[in-house]
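Working notes, beginning with the structure itself.
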Amino acid sequence: MQELMKNRAIELLSAGEVDRVVGWKKGEFAYDCTPAIFTDANDLRDNFVYDDFTAPNLSKYLVAECKKGGKMAVFLKPCDTYSFNQLQKEHRIKRELIHVIGIECNGKADVDKIKARGVDGITGITSEGANFVVETIYGNETMPKYEVMAERCLTCKSKKHMVYDELIGETGDVNPDCGRFDMVAKLEAMTPDERFAFWRGELSRCIRCNACRNVCPACTCEQCVFDNPNSGIQQKVAVTSFEENMFHIIRAYHVAGRCTDCGECSRVCPQSIPLHLLNRKFIKDMNELYGEYQAGEDTTSRAPLTNYNMDDCEPSIVHERGGKA
Amino acid sequence: MQKIGVFVCWCGSNIAATVDVKRVAEALSHENGVVYSTDYQYMCSEAGQNMIKDAIKTYGLTGVVVCSCSPRMHENTFRKACSLAGINPYMVEIANIREQCSWIHKDMVQATAKAIILGKAAIAKVHLNAPLTAGTSPVKKRALVIGGGIAGIQTALDIADAGFEVDIVEKKPTIGGKMSQIDKTFPTLDCAACILTPKMVDVAQNELINIYSYSEVAAVKGFVGNFTVTIKKKARYVKEDVCTGCGVCTEKCPQKKVPNEFNLGMDNRRAIYIPFAQAVPKVATIDPDYCTMLKTGKCGVCSKVCTAKAIDYTQQDELIEREYGAIVVATGFNPIDLKDYDEYAYSQSPDVVTSLEFERITNAAGPTAGKLLRPSDGKHPHTIVFVQCVGSRDTSGCGKPYCSKICCMYTAKHAMLTREKYPDTEVYVFYIDVRTPGKSFDEFYRRAVEEYGVHYIKGMVGKVAPEGDKLMVQASDLIANEQLNIAADMVVLAAAIEPDKSARPLATMLTASMDTNDFFTEAHPKLRPVESPTAGVFLSGACQGPKDIPETVSQASAAASKVIGLLVKDHLTCNPCVAESNELMCNGCSSCEKVCPYGAITYIDKEFRMPDRTTLVRRVASVNPAVCQGCGACTVACPSGAMDLKGFSNKQIMAEVDAICK
Amino acid sequence: MTELQMKEQVLRMSGVDPLKCMRCGKCSGTCPSYDEMEYHPHQFVYMVEKGEISKLMASDSIYKCLSCMACVERCPRGVEPGKLVEAIRLLAVRRQGANHLKPDDIPAMLDEDLPQQAIVTAFRKYTK
Amino acid sequence: MQVNNEFRPTIVAFCCNWCSYAGADLAGTNRATYPADVKIIRVPCSCRVNPMFILRAFQRGADGVILCGCHPGDCHYTSGNYYARRRMTMLFSMLDYLGIERERTRVEWVSAAEGAKFAATMNEFVETVTKLGENKRLEDLRCKN
Amino acid sequence: MKVSYYPGCTLKTKAKELDKYGRKSAEALGITLEEIENWQCCGGAFTSASDEIATKLSSVRALAEARDKGQDLVTLCSACHNVIKRTNAAMAKDADFAMKANNYMKLDTPYNGETKVIHYLEMLRDTVGFDELAKKVVNPLKGKKIAAYYGCLLLRPGKVMAMDNPENPRIIEDFIKAIGAEPVIYPYRNECCGGYITLEDKTIATKKSNKVLHSAKVAGAEMVITACPLCLYNLQKNGTEDLPVVYFTELLAEALGVKED
């Protein structure tokens, strides 16, 4: 797979069809590959990487790249294509400048889960059927995928590419029964006190590093409200404990109806806060109250929060429906 | 840094009785940026306004906070005063310490503390205010009058007289309204038709007036100066421009058993009809509920007899879209349904009638050709009992809590006319109070008693029992302290009046406010009685409250003069509190555009100079300030906060929040 | 009890606000017992408002009311005069020995068809 | 605010200019009382109210926030309250999800004619919030210990 | 279908027909009337005074029993209906009264007006349906001109009783139509017959009853029907007009063909 992609990228670059390729290269460790812009075939040959650790969603990087002009190629996993569409809908990227190469994805490994099994000195990873084979300096370790796969991949909503110009590997199907809202439903079924305890446990770990915001493909504002002295809620550094709650609530609210549920926020959180559960709550509510809607499915539909029906439910539904008092 | 002046109004004792105004002025004087703080009995008076003007000059104020009544009352007054003194009118903020403080709180300590907080919030906002300049929007020089009764007719004639086009939308096949059903008018007793029908003809002949009869307003869009109204012209199955009004069809139509609504169902008309002889437009209308041709496809008599070939059974409802600068509501009234008052046996005996039915009975064009005859047997009644306040002043839930205002006078008229024409008839009027404020009104009522011998009895009828050909009326005479039993031949009920049922959906379309009784509310009950709080919407006649004819006509003319005052302007000053996009922060994502109800937001490709001297072209939102109405929907849809609302900016509102919550 | 205390008690028991009365007289216009009564329904309202309770208590009028509720039903202001009559009657019969109907009186009143209902109702109305 | 040991809540009421603010004025004109704890902020339309304002109010110590607008269908700007309705539904649902007392937030449609309803709503809301006591949860959510 | 049934004292003695034909007809219509156990007399009159508690407790007991069985409470006698329905409304709406009554009663579950009180006529209209009833009629009372006599107890106070429009009711007229007869509308159908005044002053009762009967007769009635034993007594005993007065259940049983055993 990696070689196919690498060769195709070199081919596009050499033929002058694009002047750069957006892909991944290895970081300090084998498992922390980072997004990279390749303009040179040799660089590609030496550093381009794609394996079961290459999780980052590259769509967001196209926003900055499009401003520079020139044609580019990008590799997008199925879930990344949703983000791509959403960015196109919001006029944040220029479709005509981008050659989208859809790539097959069967779920990425979560290195934290691997490490939690006591595996150390990781140098690489390969797939063998239902197992990952993790290469380490101490030899290979084989483990079942479902035990160490990232949460977002275990509940993958779609293996189908929403957009591509060419495909490497196969495109799959949308999976409506992925169970991605199970945890939200579980939280909803708790008492307010239990929910409060849960979120207090999670959110109190936040260090306001902004990693979630920086990685989020929906957070591409020219200037974030939290950085804008005129927004009235500027907070470069959280001064009071309250501000961090506000940050996460506002961030979730700002991406509501725009979030494709790519799960990058939770992936990059150094404190392992399940931030995607905030976004999924909004998605679930909107699906239930205003009809099924999947951001990034297309490039034209109206999102629930920029739309309405005359007979929408009243906000008091929050008081009336489920969840214990 | 702003230099702010604070002016605390006593509003006589309205504020000062519950709020310690001195304490408020003193407390606010310590707020950051406040350089002058004072209190005065009436800030809105000329002397009060001069205080503000003088302070602006003396202290070099850049912002003004007035702690007074609701901004809906005097914001403009104070803005004008500040403008005259040389500061931008939008540097004024009002702290509402009357309606939202002194009038609802009783405890002086609490009310004073709240007034101080409200003042602080206003000060916090003024700190962030910026001078705003209003744009303008053009005025469509045409008016719409909804309702073609005497109110609508008078308004339309007056507007047209000033040289503006007017459309009248009337839901019935003819204009004329309730007045066309009335026989004589009090207190002069001139014939209603004689004074109304010439006006109807004037309307028909006026080139500037266009009547949409048998039509309804279906939708209203836009705002003052620029309304777009969809009018539904109901199919009348007769070509209006071809029909000559000869009336042959209305004589030949074989369907003769249609209750005639013009005579309140006391006689019948045909399925094709002209409501009355002087109808305007004088055009026949087919009643689809009764026409055999329309219901079964078999008949076609009217089509055969029509020499003008005006009948068109295939006619459909038609939607017409027209633009107007102003809209006048003149939807009028109806008597209430008496189903909850059957102690008066209205449903049991045809000889128990409403006053409007009595009006038709005494009208020469009515079902009895003007002879006073009982509906049941066509005999002349010798004893008539009039019952006042049937459903008026009723708080029990069956009727209306208000006084219907016109009943005392028309009942006096009915009683007097009956006694004049038929001196052998005994007439009793049961009253709770006789209300006759109005020119020559009380004299009129006294004449009924003193010259015509009408028996006015202070008391109320408790039961009407039909027995044989008599109506046994059981009533109290409070002054004699006895219960009366009168064997009457007819009973006339002065039913309460209520706004027409079409008024409420219309108010929703116009976003005009109504009171709990479905009367339209005025912009100000005393000072702006013919304007609705919604700009560009005016009120004429009984849609605003019970009124007699002279009052209706004066209000109609007043509404017309307000409309003319609007239409003579070429441009209206726009609300400067409009949305504005900060191009540097705008992502160009189109969220705001999607929620804008006015289509005020478009996108432009804007060239930005980058720090490295290159240029970048980016798509950004641009607001048309003449179209934007300032709702602020876009500001919340904008994820980056690039979109903000002038006069109600994010920072201003949050400053108020902070001041309140501190 | 003073007249004022009695007035307060009557108002409390009946839940009636005589100030709502607009003096239309419909209660007296509709009352089937009007001619049997010394004081008529509208007078009950006005006299209670003025605090003339003992006059009403002493009057036979309180036993002539049929409790048919016509005045209550038809009052346009929701004053409910019938409830005032009832409250004043209760006040009267609750007084020691002031029962309007005594068990000893009953046999003379009976006939073979008289329903129980009439007797229990009368007891409820006339006695404490 | 703690006075004489009796908890008095701080309530922020956002009122749209056309209906609810006028309704509040009408409550005043009719002398329909409600507690002084309620402070009204005038906004042009319920759709002007940004969830940020509500969170900001809680941040600065508000114990309850209520948003009043024109009845659905009666919006002066035709559709503003429909958007506000969805926005507030989402925000309230999220606060509930985080375990914040759902009774601290409320949306009520009050027309310009409903002075009595305005006062009744405020009385009821103040009573509800007073029973809940001081708003601590949003702040405590982030408590480090 | 089963409902709780409150007969009342008069139906056990002087007004046995009202009860008997009511039961028979209900059975014929597929409705089981389950008599409330140990019911006590309702007292005959609802005292509107707010401090009268004890006199209303027998009604509360019956209401609570129906509530515990999860059934609607059906009444037949107009007086019982008036007392029980008004007591029920007071239990639901007057918190102070409900508290005091519950304190006396010491029920397992306090009663707060949960039971739906319906008159037999309402049961015919809303549960059975007059159209359905008409289908079950075997002996239609064709051509009979019948005047419905409501009296005051069934309809007033209108807001509480909420059976029909108190000034222009039609429920008994519709019933008359359903059993095949012709209703006669007359103005005194909802005016008082004199009620319990008969004990004290027969002349008043006679005056009132005659007014009703005369009014019905002038309107062309051949017969008057009622749901109230006291009305029946007054019209028959104190009235001097020659017009038969019967319970509506008797005609119902006759129409349904279940009158004779």
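Structure notes:
Each chain carries a letter (A, B, C, D and E) given by its place in the written order, and its residues are counted from 1.
The rule is simple: a contact is a pair of C-beta atoms (placed from the backbone, for glycine too) under 8 Å apart; a residue touches a chain by one contact, two chains touch by 3 or more.
Given the structure is predicted, the values throughout are model-derived calculations rather than measurements.
Between chain D and chain E, the least number of touch steps comes to 2. Path length between chain B and chain C in the touching-chain graph (shortest route): 1. Two chain pairs, B-D and B-E, are compared here, and B-D has more C-beta pairs in contact (counted per touch definition above). The most distant chain from chain C is A, comparing centres defined as mean Cα coordinates. Chain centres computed from CA atoms place A at the largest separation from chain B. Computed from the mean C-alpha positions, the centre of chain B lies at a distance of 48 Å from the centre of chain E. With centres taken as mean Cα positions, chain D sits 35 Å from chain A. Taking the mean of the C-alpha atoms as each chain's centre, chain A and chain B sit 56 Å apart.
The mean-CA centres of chain C and chain E are about 24 angstrom from one another, to the nearest whole unit.
Looking at chain D, one finds that residues 51-52, 56, 73, 79, 83, 87 touch two or more other chains. Multi-chain contact residues of chain B (touching two or more other chains) are listed as 343, 397, 463, 595, 637, 650, 653-654.
Shown for chain C are the residues in touch with two or more other chains, namely 70. Pairs of chains meeting the touch criterion are A-B, A-D, B-C, B-D, B-E, C-E. Here chain D touches chain B in the complex through residues 10, 12, 17-19, 21-22, 24-29, 31-34, 36, 39-45, 47-53, 56-57, 60-62, 70, 73-80, 83, 87, 111-113, 119, going by the rule given at the top.
Residue ranges of chain B in contact with chain C, taken from their complex: 343, 389, 393-399, 430, 432, 458-463, 474-478, 481, 483. Of all the residues in chain B, the ones that touch chain D in their complex are 70-72, 96, 98-101, 103-107, 110-111, 113-114, 117-118, 121, 221, 508, 511, 513-516, 521, 533-534, 577, 595, 597-598, 629-633, 635-637, 645, 648, 650, 653-654, 656-658, 660-662. On the side of chain D, the complex with chain A involves touching residues 51-52, 55-56, 58-59, 72-73, 79, 82-83, 85-103, 105-107, 137-144.
Across the complex, chain C is touched by residues 8-10, 13-15, 41, 43-45, 47-52, 55, 77, 79, 152, 155-158, 166-167, 191-192, 194-201, 204, 208, 211, 229-230, 232-233, 236-237 of chain E.
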